[in-house]
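In what comes next, subunit A is part of two complexes: it sits with subunit B in the first one and with subunit C in the second one.
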Partner chain A sequence: MGITFRKETFRDDFTFRNSPEHIRRFPFPFHEDSYMYAVNIEPHVVGPKGSVLENLIDVDEHYVAEMQDRALVLAEDPLRCQSLPHMTLAGWDLLELLMEQQALGYPEHFTLTRDGDRWRWINRPLGIDDTFTFGDTSTLPYGPMEYITRQSQGDFCILDQRDGNLWMDAGMVTTQADWSLDFDIGMNFFEWHAPVPLAHEKGIFIRALKFLTNIQQGKPARRLNWTMTINPRLDTSPENYHKWGPDRTTVTPENVGDKVHLRVELQSFWRLPRSNGIVFPIRCYLIKMDELVTQPKWARRLHRVIRDLPEELATYKGLTRYRPTLVEWLLKLDDGSPTSPGFGPDSVF
Partner chain B sequence: MSTGTTKLDVVVSDVVPVNDLVTRFHFRRRDRELLPTFSGGAHVVVEMRDGERTRLNPYSLMGSPLDTREYTISVRRDDVGRGGSLFMHRSVKPGLEMVISYPVNLFSLDLRARKHLMLAGGIGITPFMAQTSQLAGSGGNFELHYTSRTASLGTYADLLQQRYDRRVRLYHDDLDERIELDRLLSSQPLGTHLYVCGPAGMINWVRDRAAALGWPAETVHFEHFAAPQPGAPFDVTLAVTGKTIRVGSQQSLLEAIEAAGVDPPYLCRGGVCGQCETNVVSHDGKFIHNDHWLSEEDHRSACKIMPCVSRFEGKSLVLER
Partner chain C sequence: MAAKSIISRPVYGTLSPQAGKHHLFVADAEGALAIIGMAKNAPAGFFDGAEIVFIPGPDGKHVGSLEALKPAQFHLAPSFASLLPRLKQTLTNAHMGLRLYLSGTEGLIGQAMQVALEAGIDHTSMQTEHRGSLARRMQCVHCKGITENVTTQPATCAHCGLLLLVRDHYSRRLAAFQGVCINAEDRSEIPPMEEIFR
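Right, the complex of A and B next:
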């Protein structure tokens, strides 16, 4: 049985919702009652059935709506998708990876057929059936990276590896937590992470770079990151700050449950075979507080995490203005009882 | 995270003598699937099961990255080495089942280059076989200068000239032909990247001249896998695991550590990638450093060793393993 894709919006009337099954599979990012940075990287291997890790590239009920939202963002601002001239080969690598993984995980929705370099790609949810020559950009309606990332959930950064560093030289970025590809394009790993507080002092980026430059083909890795977003808005970019920034002043005790969303990024890292680059998919999952607190363990734990979050992190994540309102709302759902270890809800699948 | 890379179960599909010193080996997957795609300059680590001994040697992939039905490597026979190349030449026959690693690329093309200037010495030609195939397939601009001792030892020189004609220039030591390096390096268009693979002396010469002539370091790329050198046996204490081991004269320190059941991370096994870097707890004696990873200061201070290629002579050595 295939996925039932929701008709919903991530702007204007904000009709985005998670079904009960999708609430339970939400990648809750806190394994204990507090949070601090760590190099929390692990092998990106297939996880339990019914979780977001069931397939290494996850497709869910929001797929069609997210792709429609991406098309709207790109129509307004084409610079959300950029690829420096030397990154075309890496774009083909990414096209192969995403077609293979989506066809493997969801054969009822996607089919890839190859005859040498003649490839046929069928994407049923989006009504696409294209035949093209792998490696020949003139046979696709867009460059290879843009073509496939208009059909894949999550943002994608393609990093060139040279001189012992990684360089942000291509990407499709429309569902970002307040950073800009147009600003970061061409930067190296330390340059684009410069604004992150506390982590530099802990030497985290030096260790992380060493790890990432040694990622091997066939051995992808992953980590979770998180922030919060007011209203289920995928595009919280600096370019559109004037649209979403003021949302943060609208949180009241009455609307916390509907307006405040936990935003989790499942970040994975893959070595690309032809270009020797790294692709860094950043897959965004949103869940509103009303949905999250249907799992009592998550409600208790989130209360403790947000209450005790160091001030620098709260500022960096943009929570300062509504944190007291949120903590007060969550407090009512925290009876002080202990929470079980691990990420999952108490009602595990 | 874990030791080495994912492994591939392969079968030797062909063994082809190329000249007096070099033999080419072809591998296919045992399950008949395609091998993983790779990029020009990548190597695989070949596991050689030679009786009780296991050797793991890196070899550059030399086939076209566009054809992954098989991988090919070329092995130069080293009669005074530790026996890996002799094992390949004498014992590896078509039909033998072997295990190799996934490809790893530590000598990648810089795809920003307007032109790729390649300098090869001897068996150092192998990564350029794959890189030129990759570039030729995408209309890339390259020029290859290849030195060998004699014409008959110029492995694949005929093939390269046939494929790329005037983009390949050959030099033979026995005819006193030498690359006019300064002239070559001084006459390249802006945006050229330089790649060199060959004996250590050649790499040092090219890097020194390029630096003297003002080439930015990030445009000069080189790969030199140091083969582990044989030497006198020595004893080592592994402080973390509490083991004392003996490193045989034909064995590398890394192999001896592995034989004791300890698995340090590794990738290249040639002193290049840095994965097996090991801290020295204490020592009484002298290190024989053969790696290209540690800084000169690291070597002088005797605080670290790369066990894949380096050895020790003296009374005692304690490592943090």
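Right, the complex of A and C next:
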């Protein structure tokens, strides 16, 4: 039995919803009732059945709709997908990784057949059946990175490793939380994180870089990051900030549950075998407040986290304008009782 | 000197003579003073293997002082755009052992560095010294247009007209600071425009 892919939109009429099963599997990012930056990196190993970690590359009910939204973004702005000239080999590495992982986790939807360098890739949800020569870009309709990331949920950054640093030298970035690949491409790890407040002073990026440059092949790592988005909009790019920014002024006590979304990024880090690069998938999960608060523990905890969030972080995450309205709405769902440790909802898998 | 702020914001040093066979200087306006200052510490014969390319400021100053250093080649350019084809060829044909020295406004240093990066020279090997105006080159993140010589905060994009916050976030590849719409959420909010990058 395969996934039933939803027909839905992430723009205009915003018909995106999570099914009850997808609400329970949502990667809630707070393991306690408060939040501060940490180097929260752990091995990216398979997790419980039914969770977003059941497969290391997760495909879910939003797959087809997300790929359609990506195609719309790229048609409007091709600069969201860029690869510096030395990154083509890493693009092939990524193509192999994503085809292997998707075929492994979801054989009913994806099939990869290899005969030497002749590969056949069948993607049933998107109606694709292509045969190509691995390593020969002329046999694909796009470069290898663009080809496979038009068929994979989440943003992807490919980092080149040299001079003891990681360089953002290629990427497919259409579902980002307000950062620009076009601006940041070519930057090193510290440079592209430069605008993040507080974390530099805490030495977070120095430790994170040390960890990442030592990632070994076959031993990926992961972390969660989060922000909030008004309306289930995947494309919250700085490029289009003047188009989606006004959404933040539309939150009222009546529409919080429908409009305000927790946006969680499952970031993973994989060593690529041929190029020695690192690929950094940033998988975005959205959940509206009405859906999230069906899990009472999450409602209580989110109230406490948002209420107590340091002002710099609230500003950086763009919550300032609607935070009071959101906190007041969540307060009604927080009876003050304790929350159990860990990320999971009350009803665990 | 510009104040240090965030990590992507360029930090400039003071020109000093490097070991090398050839020395290429690119400077504008008061950037000439950085070269003249450095020359005091340069070994004898240093400028015999040097090329100085200079874009004078509106006051036309410093041309004579640079010529007095007797570089092997001296070229005056009226603007960076006019200099670009020559600079590209020089860097394309350059051999190992060429040292690059950039001095003057941030816009000049950034754009010359951009050409050198494209020619495969590592940015950390370039000598830079900031002199003169703090005016910024800014890329509008929305329409991608570059606005030159931005002196105000916020600043109007010369291409799409949006009112932009000029961030300290800087791209060497684009040789530009990032401009992001300052009143995207509510266009009726118009913050006062102050001249801060002089």
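Here, the second predicted complex is superposed on the first by the 349 of 349 C-alpha atoms of A that agree within 3 Å, B and C clash if a C-alpha of one lies under 4 Å from a C-alpha of the other, contacts with A are read in each partner's own complex, and residues count from 1 in each chain.
As a working rule, a contact is a pair of C-beta atoms (placed from the backbone, for glycine too) under 8 Å apart; a residue touches a chain by one contact, two chains touch by 3 or more.
Only a predicted model underlies this, so the values are computations on that prediction, with no experimental measurement involved.
Judged by the touch definition given at the top, the superposed model places A:195 against subunit C, while subunit B stays out of reach. Once chain A of one complex is fitted onto chain A of the other, the partner contacts of A:36 are absent, as it touches neither subunit B nor subunit C. In the superposition on chain A, A:331 contacts neither subunit B nor subunit C.
Of the two partner chains placed by the overlay, neither subunit B nor subunit C lies in contact with A:104.
When the two structures are aligned on the shared chain, A:238 is found in touch with subunit C, with no touch to subunit B. For subunit B in complex with subunit A, the touching residues are 1-2, 5-6, 36-39, 41-42, 65, 102-105, 108-112, 134, 138, 218, 267, 273, 275. Partner subunit B is touched in their complex by these residues of subunit A: 43, 85-87, 89, 96, 135, 160-163, 211, 214, 216-219, 221, 273-276. The part of subunit C that touches subunit A in the complex is made up of residues 6-9, 139, 141-142, 144, 162, 167-169, 171-174, 178, 180-181, 184-187. Here subunit A touches subunit C in the complex through residues 79, 180, 182-187, 190-195, 200, 238-242, 245-246, 248-249, 321, going by the rule given at the top.
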